[in-house]
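Both complexes below contain chain A, partnered by chain B and then by chain C.
On to the complex of A and B.
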């Protein structure tokens, strides 16, 4: 049997846990991101967070702390900008972040004994997560979802119609700032799963697919979480199975996850058209 | 008075010039892309060859080596260059192509096809004698005046490898067929020469060596090998470690499987290639003796 013993494999269980937590968190946060028109900001945060991933390899600390630390820094940078310059600011921040990543990856490769650093930070390596990473990712996702549960109603109103939300006396600026922190967290979890560069796929793909299938935001969030989870777990299973296609070698998990995300979006678009 | 001083200076200068040719001066310039090859070149060249080693930092991954202008300069003046080949030092290819130097590749000397999977040739006892003969021949061709010296040094080098061969034979007598787990294929040549059986799937070794995603199936297989009663020892690359290697090391320690760290490049603490190989072999014998309880 091709998939015999898949759940007995420790790396697979860890991958299912990390990928699953990241997919659910990203799916829900991603719906807000799409509704707020901040997809590019999300990508910029991911690129900035990659510097944190590289820093974590350099310092030998948990990737989760590295990605989230720099992600938060990027969120502060974005939050300080006026709304009109958002895309420009994201683009500038993205470049600076990736430049820093190039430097830190160079140091990680030349000063410390780290191999394959660039690929694992940028494209992910779900099957070789450091021990303990799974529980940290799960804790991060649960904490993020709890905070989101508390602010979700006012945040949704502020995301759909900021002026109306302000008229009703909602703290729109505070909500925007809190959302950026949650976005940084979602990007961190996705970056750990599929790499910093590909994390946008997980953040935007399932929510965009869900919003093609339904207009109701709450349904879209549940749907996006489900689609993300299915893509992640499907990707892990396919990568595991690929061991038998090219003997002794697994294809990158990130490829399968992103391919499934793309297929889901294409199918939803075709169905609507 | 001034004349006398000038005369003394001239006499001194003449003396100095007269003395100089009697002392050995480097005639050739040689470059070893990895420290272990440079060391063998130094032993064969003696005082007549100035040798530069390019990759000398044992704490970084040689697979991720980057070039500097100083290195480019070292290449331009070289008469003889030794490379490993098999893509291990592919970064140097464009310098070697444009160089007037005699380029010796260990891969070519051993007639290995490009598809050879393990580039760490210097751990195989068959490699260095063949490289040393090629180096001596190249030195002799470039500097015929000292050909006899180079060939004599080469014979002395081969003779000095005998204690290492004996140590390997002793390990083989005692442990032939013993199962050994590894993280990377660094010391596989030495382990095979010692008659040991490397049980880790090569695809896992390649994934760790190349920094690509390991197959979960291989990780599970390796974890099973590190259970008590399976692999007698775990050999890992001291020079390059990652999270996966760390987790294997932790598992081996939990299960009481001795771990043996080996260096990918000749460390600065080693006085010679053969001394390094002997100490790695002695450490291997100690680890094997400690394992299997």
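On to the complex of A and C.
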């Protein structure tokens, strides 16, 4: 009965579509991110892109455009820096991005009277996506996965052993730049689902879990996409069900997704230990 | 700008910048940038749980700082550094989102927790900031050599007696407590800018550790004062100026460094 009820609701179907596309894309990109040791860069991109989410609210444009636009700007910033102090430079960039978010959210609240702007940008608003957002997200995910399919083999080699890749004549720098763009796209999709600062959960959680279970990168990618999808859809179902636990109040769907992601990771570590 | 009702805000911000400048120097020297970004998120579940249980926010923040540190250490034992930190960060935030939503003050509280509300501070906020401003520099200066040593050479530090894991845990706890007390001033997100921006600039400008640390504190004070003054004059959030000015400070320091190397 409950399942039928869930699928009958249009916002829930939209949520399942957006969350699912984001989880699969982030799971696959996330394996590369973890292998390349760029979890912090991924999180920094998410924080910078939150300014885009706030800007979209302020201008009334599609959140996807806002998140991705600023995400690309952030990727340019990250790509421009030198190797040595990458973490520090990412951190400074992240701080500037968050400062901008604070300002734009302040304007969104005072000029346009958008209430709850901070919550929806930072912690996601999966159940209240604007109409048409689902198909845009799906198109973005398909395009991203296609590009990734083309560059995945050289990118994997460059991620595992950059020196060997360079010796073989692979364009390591170009691959790194393309990866940052794909990372910005994955972060955008996750930010729409679970919010900008929680998008790291989908990007790092399922891949870290998968890499604990298998050492083979391709298997890990499939596994991470599956785990991410299960966590996302499970979170949507639980949030829907939570309406009956505390009458009249829905628990945040982002919490359930993060909780499931963390439980999956803890279970995988337990098994290994 | 210096009206009586704003003085508490100025005082608290000054004290917080003192502590953040000290802690930030070690964040940069030990390359713990991501941890410095993740640990303040512990304040999220802490503050929300405190309001849910009806106790003073400070207690929630202190307990959560300890919890966040333990979570991070537990995850770090079995995972490479940046992945573990990312996992700790999102779990703390997810928990905070739940507590806030259950306490029913979701929308109103989130902005203040994330970005701070310095001009809303009262006399009650000055005392915790005072404790912090005394305690953090004392602990860090007391452990100055082991902390720096284990950052520069982990092997040497463990041979010298001070265990690497112990000094690491102490450091992370200090970091978590600093950000917990700084929460009302800068918010959970931008305490990070206050810590890393001035410290990163100081480490570019000065070579000797002691000088760099003193410079880091001085720059942190200048940064927070400038941010508050600009915020008062424009009516824009202080967090915006904190984040952007920290980046400007760092860029200026890099340009200065490059110009000196070119000569």
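In this text, the second predicted complex is superposed on the first by the 269 of 273 C-alpha atoms of A that agree within 3 Å, B and C clash if a C-alpha of one lies under 4 Å from a C-alpha of the other, contacts with A are read in each partner's own complex, and residues count from 1 in each chain.
Criterion: contacts are C-beta pairs under 8 Å (C-beta built on N, C-alpha and C of every residue); 3 or more make two chains touch, one makes a residue touch a chain.
Keep in mind that what you see is a predicted model, and the values were worked out from it rather than measured.
Asker: Touch check for A:100: first (chain B), second (chain C), both, or neither?
Answerer: In the superposed model, A:100 contacts chain C only, not chain B.
Asker: Classify the contacts of A:252 with the two partner chains as first (chain B alone), second (chain C alone), both, or neither.
Answerer: Both chain B and chain C are touched by A:252.
Asker: Using the superposition on chain A described above, determine whether A:205 touches chain B (first), chain C (second), both, or neither.
Answerer: Touch partner of A:205: chain C, not chain B.
Asker: For A:220, select first, second, both or neither according to whether it touches chain B, chain C, the two together, or no partner.
Answerer: Touch partners of A:220: none, neither chain B nor chain C.
Asker: For A:116, is the partner it touches chain B (first), chain C (second), both, or none of the two (neither)?
Answerer: After superposing on A, A:116 lies in contact with both chain B and chain C.
Asker: According to the stated criteria, A:129 is in contact with first (chain B), second (chain C), both, or neither; which is it?
Answerer: So A:129 only meets chain B here.
Asker: Taking the superposition on A as described, I'd like to know which of chain B and chain C A:265 touches: first, second, both or neither.
Answerer: second
Asker: Please tell me which partner, chain B or chain C, touches more residues of chain A.
Answerer: C
Asker: Mind working out whether A:43 is in touch with chain B, chain C, both or neither, as first, second, both or neither?
Answerer: It touches chain C, and chain B stays clear.
Asker: After overlaying the two complexes on chain A, where does the chain B footprint on chain A coincide with the chain C footprint?
Answerer: After superposing on chain A, chain A residues 106, 109, 115-116, 119, 249, 252 contact both chain B and chain C.
Asker: Considering the complex alone, what residue numbers of chain C touch chain A?
Answerer: 28, 31, 33-34, 36-37, 78-80, 82-83, 85-87, 89-91, 93-95, 97-98, 101-102, 104, 106-107, 110-111, 114-115, 187, 189-190, 192-193, 196-197, 200, 236-237, 239-244, 246-247, 250
Asker: Where on chain A is chain B touching in the complex?
Answerer: 5-6, 8-12, 15, 106, 109-117, 119-120, 125-131, 239-240, 243, 247-250, 252-253
Asker: Which bits of chain B are touching chain A when the two form their complex?
Answerer: Listed in rising order, the residues are 59-61, 63-64, 66, 201-203, 207-220, 223, 239-244, 246-247, 250.
Asker: Within their complex, state which residues of chain A touch chain C.
Answerer: It is residues 34, 37-40, 42-43, 47, 87-88, 90-100, 102-103, 105-106, 109, 115-116, 118-119, 122-123, 197-198, 200-201, 203-205, 208, 246, 249, 251-252, 254-255, 257-259, 261-262, 265, 269, 272-273 of chain A that touch chain C.
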